[in-house]
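Structures follow.
The two complexes that follow have subunit A in common; it is paired with subunit B in the first and with subunit C in the second.
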Partner chain A sequence: MGELRKKAQGLAAKPWFRMPRQPMLRHLSYAAVAVVFLYFLTQKLSAFNDYEVGEIAFYVVALAGLTLLTGVNGQISLGHGGFMAVGGFTLALLVEHTKWNVVPELAIAIVTSALVGALIGIPATRLRGPYLAGMTLMVALGLPYLTNQYDSFFGGDQGLTTPQPIGPASINPEQWLAWIQLACALIVLILLGNLLRSRFGRSFRAVRDDEIAASLAGIHVARTKVIAFMVSAGCAGLAGALLALSAGGVNSAEFPLSISIYLLAGMVIGGTGSLMGVWWGAILIVYLPTSWAPSLANHFHVNSQVSANLAVIIFGLVLVVGMLVAPGGIQGALRWVAVRVGAYFSPDGVPNMKLSLQEAPTDRAVHDSESVTQADKPGV
Partner chain B sequence: MQFFLNITLGGIATGMIVAAVALGLVLIFRATNIVNFAQGAMAMMTTYIAYAVLHKGSGYWLAFVVALATGLLFGALTQVVLIRPLQGKSPLNAIIVTFGFLIFLEGLAGAIWGSQTRTFPAPFSEAGQKIGNTQIAFSPFDVFVVLAVLALMILMLVLFRGTDLGLRMRAVAFAPETARLLGVRVRPLLTLGWALSAAAGVLAALLVVPTSSLTPNFMDVILIYGFTAAVVGGLDSPVGALVGGLATGLSLAYVGGYLGGSLEPMAALALVIVSLMIRPEGLFARPAPRRV
Partner chain C sequence: MKRFSLHSARRRARLYATGVVACAVVGTMALTASGPANAASVSTPGVTATSISLGATEPLTGVAANYNDIAPAMKAVFAWANAHGGVNGRQINLTIDDDQYTPSITATMTHQLVLQNNIFADVGSLGTPTQLQVQPYLNGLKVPQLFILSGCNCWSSSKYPYSSGLQTPYTVDGKILGSYVAKNFSGEKVGYFTQDDEFGFDAIKGLNMEIKGSSVVSKQTYVASTAAYVAGLQSQVAALQASGAKVVVLAAIPPFVGLFATTAATLGYTPQLVIDGVAGDPSAIGAPAALTTPAPNGQALLNGAITEAGGAFEDQTSNPWVRVATKLLTKYDSEVAKNGITGDELTGFNLGYLVYQALKAAGKNLTRQGLLNAIAADGKNFANSGFVPYSYSSTVHFGFEGEQLYKMSATATPITLPTGTFMGVTPVGPVYYTSPGAGPVKVWHSAQDKVPASLSSTA
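Right, the complex of A and B next:
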């Protein structure tokens, strides 16, 4: 072991490879690695698995937006499924009434849901507290009713159809769709990654940690919160439009409250505020309801009533237990391990502070903003 | 005219139920700055228990009392197990935990009782009354709804304004640290607040279930109406909860009656947006200075 430790210390002292410091370059190089990996993955997998990879991709988009809102800016949305519905229906209406290419349709879906987001976000900034949470919950619960009310426009129970985009003949349609969705996911992650390292990202965090201090530092608090919420709702809209492409159509039953719950649980399990953690969350959202929960139910021979509700119960437990026991999620746990392993191998035996300082602030809102809250409301 | 009158009466009955939900939300928000999104689901679970008691052959009133008592216990237990560990953490954690608990309870209810709808009886006739020659849509059950919620409000008023316990609860809600320094035991009072709030939610559930039928998610929409009422009235004002509840119930009844019932949830959202734009603190809330 001493041998290994010495060797590792030698490596650590003189790294053979260093990621570029410039955020754009660094994020692009991560993305390049991901592109190569995902290309070979989608080639290897069956058409159905490609479809699932595509699903993971659009949940990554939605989760990235949500984790930025909650983990980085300290606001919460219980109804991101509602904004996905806005994006999905926008795309479907454009398909119905125009003959455009899929790219402008996706762009308009993003803009529309960002604008709806602004409509909800602006009044919510007038007060601190749980207003945004309640209002977003209302969006998610109320939207299906709205599409039912105007069913001639939104297609009623049947909904509207969204045909899959057709690629080159040599590539099968599932794979082509998965590539479109993965491309969107990577682009969103690169853009959000850069955003978080920019002036905007810093003001998002400043507002989260202390609104009064942020406004004293010259940050327009309300505007910052609205921008964060619009970015987040826009991501959800894009995800909803991509979901519509996967599903081949949209109707009001396709965006139930459970999607919003899945998203929240996916964010918590991945690690709130972590753009890498969203992949864990997306995998959970895709596989838990359709494959893991049913096989668990099979294994324990429970009746159909229980198995139908098992996924929802597990997601509820993830939210409650995750928040109480492991607010950092999977990414937080990995970071915990990395810091300790790093401490073992580093020459002076102290944790690699650079790593923890760089990474820690992104999820502070959820697990240690005690100082802020206590000053705010002592003793509660 | 008769249509308008009937809608108005229906709106008042709904408004009283919404006011009870809002009162439950306000009780908790005043004391702990948390909106309990699980309140509706907790009341739903209790209503299923009342349903089971009813089907054991006991009368309505026994089921009613059992439901309220279970609700009190459930609220206290929730506070001790789930909410107490969140003390001093970011309010976001509490929102996520109560929302997760909502989902968990709805899944659990679905697993135990299935998702089929059940009918829950009303203690009084739900048929409208004839006064002279005009049929009005205000049944004896609606009278019971109004009286029950009024009784709840009066009980709360007496508790908070007239008793020593109520004074201590108000002190805890207003300035917890100071109250603790003066010898008030803060934690049991917070637990009591959660118990009372859950009971208010259960009352609302029992009043709404005869008209809406029992399913695992029958309280979802009532909860968001209660939230609307609480925002309109001011999230920390019990009087505001009553007025906000009536305002919400009436506005939704007019929207539902004249424009279409499916628009009600969105109308509630519009009401929240408008009231936050015009009077962000709500109608009755005290202005809250923010500590730096």
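Right, the complex of A and C next:
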């Protein structure tokens, strides 16, 4: 063991490979690894499992947007199901009335829901905490209901059809759809990752931590909050459009209140504010209600009223226990483990911050101070 | 020197980025090229020389779990068929998945049935919102979505030719009740009490075709949720009472019909009730304990209420269909063997026998299109336990389009419930039939289908 530890310490002292420091490059290389992994995964899996992977992908998109809004900017939203409905219906209307490719349709779905997000975001800047939660709840309840009021336009209860995109004949449709959805998820994660490392990301966090201090530092607080709302709603809209592609159609019943609640719970359990944590949340949202909870219910022979609500009960329990044991969610817990393991193998016995995947604040502080000192050096 | 090093760092970064992207692209392309090409299968999905696999999504748990006894009864009919040589030499395997009456879960479960269980057809799945969710998907893949347990008008549309319903459309329900009201209560003020969704909308569509608009004095609605049930119906009932409506037509689910009756009794409001077939079974209305408790209760108001049903009630043991269903299900459905037959199980029996006849008519060389063609050509002739023949044709994808009117009556043979006995029903007038579109309500003169000898001799 000692031998191994020494060897590892030697390696850690002189790493053969370092992730690039520039955010864009680092995120691109993570994405490249993910592309290869997901490619093999989707090849290996059955068509139905590919469909589920696609579902995970669009929940990742929605959760990433929500974690930016709630985790990074500190605004709570119970209305993301409503923004998903906006995206889904936009895509369906475009499918109905145009002959465009799926890419511009998705883009317009993002823009539309971002605009609706701005509309909601402006009054939201004046609300906080439970009041904001209440207002966004109205979005989740009201927007899908609106589509029922204008049934000649939105197709009434039957809704509108969104045929699954078909790729080359050699690739099965579920795999093709999963690729589209995964590609969107990776692109969203890269872009949001960069955004969080940019001036905007720093303003988001500054506003979250202390609005007065942020405005003293020259940040336009209201504008920052609206921008966060727009970006977040845009992500939800994309997720809704991708969901529509999976489902083959959109109708108001597709975006119940439970979607918004699941999203919030998934985000917290995955790790609030963490873009990597959204994967855990998405996996939970996809598998818990349809697969894990029913098999649990089967195993313990619980009565039918309980078993239908088991997924929600488990979500609630995990939330409560999780907040007590691991406030950083699953991703936070993994990071905690990584830091301890890193400390064990590092030459001086202290955690190696680079290895520990430490969350942004410390990490960014190091980067920022470095860039400042470099810029201050004469001759640069 | 510094300047240069920074410059070169940037160049290195750009090179690195290009490298990463290039590797990813080349890698993906190479792997795609070597990936296994999916061999197109020539045979029909879900059909082998010895078996047919079918699937259904049902609310086995959750808010609509009271319907969870339908699919097992359908499965029992398949067990009977399999024990007698299957259909055209093939055994029927039915996979029942629980969708909890939640559309998003229906979507996942239906994908699982199609992609993983490789089903030949989706049969007898339950619910309007749930089946609407998967209608485009199943039709897109040309997977038959047959005999949906819902009376939505949406199952018979040229846009989705692979779908068909089984229940009497709510608009037909409305037309038949409307024509009765127009004939028997002409000149009376009429009020509506309907569910605030497509069920209520479709029913009103039918009622308005028959009842003069000027005689309708109040239209009240409710939302089908636990919260609304707990909140009560005082304001709706009071509004109907204030409007002076002497006849109230209810297009509501059984618990809300019961609640309406008790609320009206409490407020001293005693209109003639006319109840849509969805709540046509008094045993379903009587199930909540509130109705069987002493006055003021809704029993007195329900006594004499007009309702409708597409077939015999499970307690009409002299009916040959009820007899054969009870016999067969007692043998193949453990729930029926234990607790006796329910109305839902009678529906499940009829559904299972319908699927069996359709598969049989499609012949030895079974294809999805062949099955649809067989239903379009022969569907009208399939034997069923209802009072009218099926309406299936190449253009009509509704099952039943007729109803027998009944009067709920305290003097008829009561129905026994866990909460006590509840009133029975007596038939009123002939069987009526009509289509959901324009067109008159007509009398159906022929008798109920005979139970086929092949069924009665083997059940």
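Quick notes
FYI, the second predicted complex is superposed on the first by the 342 of 380 C-alpha atoms of A that agree within 3 Å, B and C clash if a C-alpha of one lies under 4 Å from a C-alpha of the other, contacts with A are read in each partner's own complex, and residues count from 1 in each chain.
As a working rule, a residue touches a chain if its C-beta (ideal position, glycine included) is under 8 Å from a C-beta of that chain, and two chains touch if they have at least 3 such contacts.
These figures come from a predicted structure and were not determined experimentally.
In the superposed pair of complexes, A:145 makes contact with subunit B only, with no contact to subunit C. Between subunit B and subunit C, more residues of subunit A are touched by B. Of the two partner chains placed by superposition, A:98 touches none, neither subunit B nor subunit C.
When the shared chain is aligned, subunit B comes close enough to touch A:268, but subunit C does not. By the touch criterion defined above, A:259 lies against subunit C but remains apart from subunit B after alignment on the C-alpha atoms of chain A.
Shared-chain residue A:198: touches no atom of subunit B or subunit C. In the superposed pair of complexes, A:43 makes contact with subunit C only, with no contact to subunit B. Overlap of the subunit B and subunit C interfaces on subunit A: residues 305, 308-309, 377, 379-380. Of all the residues in subunit A, the ones that touch subunit B in their complex are 70, 74, 76, 78, 119-120, 123-124, 126-131, 133-135, 137-139, 141-143, 145-146, 148-149, 212, 257, 261, 264-265, 268, 305-306, 308-313, 315-320, 322-324, 327, 365-367, 369-370, 372-380. On the side of subunit C, the complex with subunit A involves touching residues 2-3, 6, 13, 16-17, 20-21, 23-24, 27-28, 31-32, 35, 37-38, 60-63, 65, 68, 98, 100, 102-105, 107-109, 111-112, 115-116, 128-129, 132-137, 140, 152, 154, 159, 197-198. Per the touch definition, subunit A reaches subunit C in the complex via residues 20, 22, 24-25, 28-29, 32, 35-36, 39-40, 43, 46-48, 51-52, 55, 156-159, 161-164, 170-172, 174, 246-249, 251, 253-254, 256, 258-259, 289-290, 294, 297, 304-305, 307-309, 377, 379-380.
Chain contact summary for the complex, subunit B toward subunit A: residues 29, 31-35, 37, 82, 85-93, 95-97, 99-108, 110-112, 114-115, 176-177, 179-180, 186, 190, 220-221, 224, 227-228, 231, 235, 260, 262-266, 268-269, 272-273, 276-277, 280-281, 290-292.
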